[in-house]
Structures are given as structure tokens and as C-alpha cells.
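Here come two complexes built around chain A, the first alongside chain B, the second alongside chain C.
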Partner chain A sequence: MRDRVFIIIAGAVVGLLAVILVLQGNPANMGFCIACFIRDISGALGLHRAGVVQYLRPEIIGLVLGSFVTALYVREFKATGGSSPVLRFFLGMLMMAGALIFLGCPLRMVLRLAGGDWNAMVALPGYVLGVWFGTLFLRRGYTLGRSQEQAPVNGYAGPFMAIVLLILLVTAPAFIFFSEEGPGSMSAPLFLTLGAGLLVGILAQRTRLCTMGAIRDLILFKDYHLFLGFVAIFVVAMIGNLFTGQFAPGFAEQPVAHIDHLWNFSGMTVVGLAAVLAGGCPMRQLILTGEGQSDALITVLGMAGGAAFMHNFGLAGSPAGVSPAGQWIVIISLVVLFIIGAANTRLLAAGKNKEKAKAS
Partner chain B sequence: MTELVDCRGLSCPEPVMLARQALEKAADQPVTVFVSNAVARDNVTRAAKAMGRQVKVEDEGEDFKLFISK
Partner chain C sequence: MVSSCYITFPTTFFAIRAESVLKNQPYSFKMVPVPRSISSSCGTALRCSCEDISALKNILLQNDLELEGFYRLEESGLKTPVATTLDLDH
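== the complex of A and B ==
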């Protein structure tokens, strides 16, 4: 029961902070968007040159460091890794590809919905479909294999990178790109964005909040624990938007969004399936990175690489819609995801007996 | 003889799926599950309790040993 209350509070805090961040300067319906923010960081580092989406987003830094400090404090920090790192990099890329077609990670999808952007209502069933595809693989024994314990330095790599990014943000050297217009130029003040990231990092580490796990556990186990957090984000953000006059229902003219229904739907199918196969939504990957999981860090790096790929080749969606090349990326992503899913599916139970013998 | 399920190095939902499988197969017999992270420990515990079992958690070095019984 206490857990239930805690995850609802965590979701509510995420929803509330998202509304506040937008009021204080973040792009509309983008209080939090893990995919967008990692994409902005990619741009700030010059990995892509889309001038309107370049910024070292403090929310990302805060999420990793908040989780890191909490994990250390509760003794859950543990450097592990080595579970199919290359495939995880690709899964990160594909997760980002799908998100940049729709223009948002699952968290932003919920926030867009809470802001009255009905395009997110088209994307949500697509996302659920993707997660459902993923559970089909899980039921057939999909696994990326066991992770191993690693030297602690592997686990510190993620938090270290977050600190380096923070230093670059504060010192703003000339080689870092900061957007002068567009979404990349819009941000709430540093203490708010960093503070919000830290707070959500702490809460998400403790509650294991995950926008993919929410749907997955519901489908797999009829377990609605994480789903409560998911719903709390939506409800509180919607109430917050209504109270602050940020609720603007409709399909057209929504901020950082387009109305290509088919690609909104299927883009999020890519994200849902990739997230199940990678074991967590974009936000969850940041939290796990803070806990010392280098498998999650490699997924985050894959996302950063994916963002560069999508923007350098003009594949990302934009308010004008999704280009034909971007549409092909969705189809190719789905094919690759099904291959990764099928190739790593084996009957876990069959391999289990050998493991059992070892354990006893 | 207790059924042993080794979920070390696996991340959720795999430990939960394996534990549930084992619990269903073991009927009333106790099952011991090894996990290597706190998330799996909590999730397997929650799943076992939802199935009406009792769970006793022991630290096993860096890992956790979950003794699940009726």
C-alpha cells in the first residue's frame, strides 16, 4: 500500500514539475521529454547541426545525478554490464528514431495528451501496440542475456559524463552549440531545470517509475503498480495545464507536433517495442545509468547517436510532418526490432535447468 | 528439495516471469530465487505475495536469496 501511494506521488510530482517547467520557459508540452532533451544535448555537442535543437539540458543531467546519489545512499549502486551492449546501442538508436518521428518520448506523449494535443491520442495506441509486440517476445523467452558485475569505474562513467556536461553548460565554451531560436533556445532557469531533474531522479530511482513498464506489466501480469504512476503524471499535468491556461485541445497547430496520424501512431510503436526489448523507457535508462548499469548508459549513448543520425540525414519529424525518408526509417526500424526480438528469443525455461544445476 | 531459480544478472521482467513460472510449477512446494539487483528483489517479492506466498529475503554477498513458501 505504501508503495502504491509513493508511486502515485512520484507520478504526480513529475506531472506538476512538467507544468511548472513549461510555465517558466521550457517549450510547450515539453516540461520533460527525455528523447528531445538527449537530442538537444547531441546537438549542443555538435553531433548534429539542427540549429534549433541544441542545448545541454540540465533535466537529463539532474535525472542521472539524482538517481546516482540516491542509489549510493540506499546502497543500490552496483556497476554491472555486458548484456548485449551492441544490440542495446542499436535499441537506443531505434527508440530515438521512433521518438523523433512522433516528436516526443513516451513521457512527452503523456504530457502532450495532458496539454490537449490529440495527436498524442493517436500515438498512445501505437505505443501500446509496440509494447504488446514486445511482450510477445518476452513470453517466448526474449532476453539480452545476463549482465555481469563490473569494476566500479564502469558504473561511475554515466554520472561522470553528467558532471562534465554540467561543467560545459555552466562555463559555456565556444565549441558548445546553444540554439538562439526554436525549442532549443527555450528553457526554464537552471536551478529549476536541474532541480526538477534531480528530484525526479531521486523519486524515479526509489519507485522504478517507467512509462514502458507501466503498460508492459499491465499486459504481462495484470500488475497496475507502475501504471498508477503513469496515470498520475497525466492527471496532475492535465489539471495543472487547465489551471494555468496551458490546455489547448485540438489536432492542428500543436506545439512541436505534426498531424501525420499514421506516423505518429507507428513512430510510437517503434518506441514501445524498442523500450521493451531494451528493458526500459528513455527516462528509465537514465535512472539505471545513475545506478551504475553500463548497459543502460550504452542505450543512452545509442539514443544520442540515433538523434544525430535522424537530424543529419533529415529523417526526424517536424511540425511540417514526416518526410518520405523518415517514413522509411519507421518501417526499417520495425523490421530491425522484430529481427532483434526474434534473434534473442529462446525458451528461458529450457536453458534454466543447467543454470539450476550450477546454483545448487 | 526446494526448487532453485537463478535470476542473477537478469533484469526485470525476466526474474518475475521465471519466478512465477517456477511457483506455478512447484504448486505448494517452496521455491528459492536468486536475484542480483534490488529491483528484481522487490518485483519478485511483490509478484510472489500477489500469488499468496510468503517471502523471506536474505543477503547473499552482493546478491539476494528469496525463499518463497506458502
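== the complex of A and C ==
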């Protein structure tokens, strides 16, 4: 009962803060977008040179530090890692690739839906399909292997990087890129964005809010606990948008969006499948990074690398749509994800062993 | 005050196996996310009545399942649930 109340409150706060952040300057329907914000950070550090999406987003810094401080306080901080780090890096890259085709992480998909962007309605079933593919692997024994306890310094790496980013943001040295136009130039004031990140970091650490877990648990066990948080984000953001005049229903000319339905759908299928295989949606990866899980940090770094890859090679979606090369990336991503899924699935491996035993 | 018992697993795979192993057994149980007061990680647990937990544990072990831990959780309304680790000679 208590857990249910908390997850609904956490979801509601995320929805409300998202509306406030947009009112105060964030790009439309982008109060929170973990993929977009990591992409912006990647650009600010010069890893890609898409001039309109470069900014050291304080929300990301806040999410990691909020989770870190809370985990320390409740003694849940634990440095762990070593569970297939290279594959996790790739899963992060692919998760970002799918998100940059659709133009948003699962959280932004919910926020776009709440803002009346019906393209997100096309993407949602794609996301659910991706998570469903993921559960097929889970049912057959997919695992990236157990993580091991590590020296504490491994766990501090993520929060340390967040603090370095914060220092770079405040001091704004010449080698950091800040967009002068486009979404990267739009942001609510620092105290709001950082504060919102910290608050959501605290709440998400306490409740395990996860947009992938919400769908996965429904499919696997008909358990709707995390789904309540997912619904709360949507309901509160939608009410907030209606009250503040930010609700603009339709497909065409939505902010930072395109109307290529097939690629909106399949881009989010990539994100859903990658999130199940990586054990959490982009936001959850940041929270786990704050809790000391270096496996999650690797996934986040993979996302930053993925953003650079997508923008440097002109693969990311844009309001004009998805380029042919971007379309190929979706197909290649799905193939790679199925290979990673199958290669780490016990029953498939066990079947092969049986065949070998029979043959001998 | 409501009390129920939980079995946790090292990976989701074993949780799903446990569900299929126990499906035809005369015990009532439900697969749920690991309660927040037991762990901050997002695994899946088996919730059952505390009278049945030993029997369920034995069935699962006989079927070569890997189990992680056993817990009793006391819940009362909006108060913080209290989790205690059970020692079942595992």
C-alpha cells in the first residue's frame, strides 16, 4: 500500500516538474528527456558538433547526485559491476540510437503524449513491442551475468563525473559548447533544472520508478506497481499541460518531432528491447549510476557515445524525418539486439549443449 | 498488520522458472517486484504465506533453482514496512 502511494507520488512529481520546466524555458514536451539531455551533454563536450543540441543539462547531473546522496543516506550505496560491461556499452548506444530516431526517451514519449503529440501514440505500441521481445529473452533465461561487489571508488566514478559536469557548467570554460539556437539553447533556470533533477533523483531512488519495468512487469507478471508511476506521469503532465495552455493535439508540426510513423514505432521498439536487455530505461540507468552500479554508468557512457555516433554520421531523426541511413540504423540495431539477446540466453545455450551431447 | 513472506532470486530467469515449477502445486503465491524495503534493486520476488515458505523453498531447490534470500515483511497501512531476513538453512 505504502509503496503504491509513493510510486504514484513520484510519477506525479515527475509529470508536474516536466510541465513547470517547459513553462520556465525547457524545449516543448521536453521537461525531462534523458536521451535528449545526455545527447546535449555529449554535444557540449564536443563529442558531436550538432550546434543546436549542445548543453550541459543540469537535470542529468541532479538525477545522478540526488540518487547518490539518497543511497548514501539510506545505506543502499554499493559499488558493484563487472556484468558484461562491453555489451552494456553497446546496449546504451543502441538505446540512444532508437531514442534519437523517435526523438525522445520513453519518458519524453509519455510527456509528448501528455502534450497532445499523437506521434507518441504511434511510438508507444512500438515501445511495448520492444519490451515484449525483451521478455521473450528473459523467459528463456537471458542474463548478462551477476554483477560483483567492487572497490568503492568504482561506485563513486559516476557521481564524480556528475560533479565535474556541474563545475564545467557553472564555470563555462571556452572548450565547452553551448548552443546559441535550437533546443540546446532552451533551458529553465539552473536552480530549477538542477533542483528538479535532484528531487526526481531522490524519488526515483526510493521508488525504483522505471518506464521499462512498468511495461515489463505488466507483461511478465501482470504486476502493475511500476505502471502506476508511468500512468501518474502521464495524467499529471496532461492535466498540467491543459491548465497551462501547452496541450496542442495533432500529428503535424509538433515540437522536436517528426511524422514518420514507421520509424517512430520501430525506433521505440529498439529502445524497449535495449532497455530490457540492459535492465532499465535511460532514467533508471542514471539512478543506478548514483547507487554505485558501474554497469549502469557504462550504459550511460554508451548512450553518450551513441549520441555522438548518431549525430556525427547524420543518422539522428529531425523534424524533417528520418534519413535512409537512419532507417538502416534501426534495422541494424534490431538485428544486433536480437544477437545480444540470443547469445546471453541460457535455454538457447542449453539446447545447443544438449545437441552437442547427443551428437557425441 | 499484514505479514507475508518473500523468496528472492539471483536473476529474473529463476523467478520465471519458479513460477512455472510451482504452477501445479497446491500453494498460493504471486510473482511481484522485490518490495522496496527488502532491496533497492529491481528484481522479481515470489510472495507467499509464511506457513508455506519452507515447503516452497524445498520444491524450488529440488528443481535445481538458485534462490537468493527469504524474508518476512510486516506491513501496516502507510507505515514503513519492516523486513526481517528468515534463516531457512539455505
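Methods note: the second predicted complex is superposed on the first by the 346 of 360 C-alpha atoms of A that agree within 3 Å, B and C clash if a C-alpha of one lies under 4 Å from a C-alpha of the other, contacts with A are read in each partner's own complex, and residues count from 1 in each chain.
Note that in this section a contact is a pair of C-beta atoms (placed from the backbone, for glycine too) under 8 Å apart; a residue touches a chain by one contact, two chains touch by 3 or more.
All values derive from a computational prediction rather than experimental measurement.
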Identify the partner contact of A:E180: answer first if only chain B is touched, second if only chain C is, both if each is, neither if none is.
neither
Touched partner set for A:R208, first chain B, second chain C, both or neither:
both
Just to be sure I read the superposition right, which of the two partners does A:L220 touch: chain B = first, chain C = second, or both, or neither?
both
State whether A:E253 touches chain B only (first), chain C only (second), both chains, or neither.
neither
Should A:R284 be classified as contacting the first partner (chain B), the second (chain C), both, or neither?
second
Based on the superposed arrangement, let me know which partner A:V5 touches: chain B (first), chain C (second), both, or neither?
second
Given the touch rule stated above, what does A:T143 touch, chain B (first), chain C (second), both, or neither?
both
Chain B/chain C common contact set on chain A:
3, 76, 138-139, 143, 146, 208, 213, 217, 220-221, 223, 225, 279
Once bound in the complex, which stretches of chain B touch chain A?
3-6, 8-14, 16-18, 20-21, 34, 36-39, 42-43, 46-47, 50, 62
Mind listing the chain A positions that touch chain B in their complex?
3, 74, 76, 78, 80, 83, 138-139, 143, 145-149, 208, 213, 216-217, 220-221, 223, 225, 279, 348-349, 352, 355-356, 358-360
Can you list the residues on chain A that touch chain C in the complex?
1-3, 5-6, 71, 76, 138-143, 146, 205-208, 210, 213, 217, 220-221, 223, 225-226, 279-280, 284, 291, 346
Could you pull out which chain C residues touch chain A in their complex?
10-13, 16, 19, 30-33, 35-36, 40, 42, 44, 75, 77-81
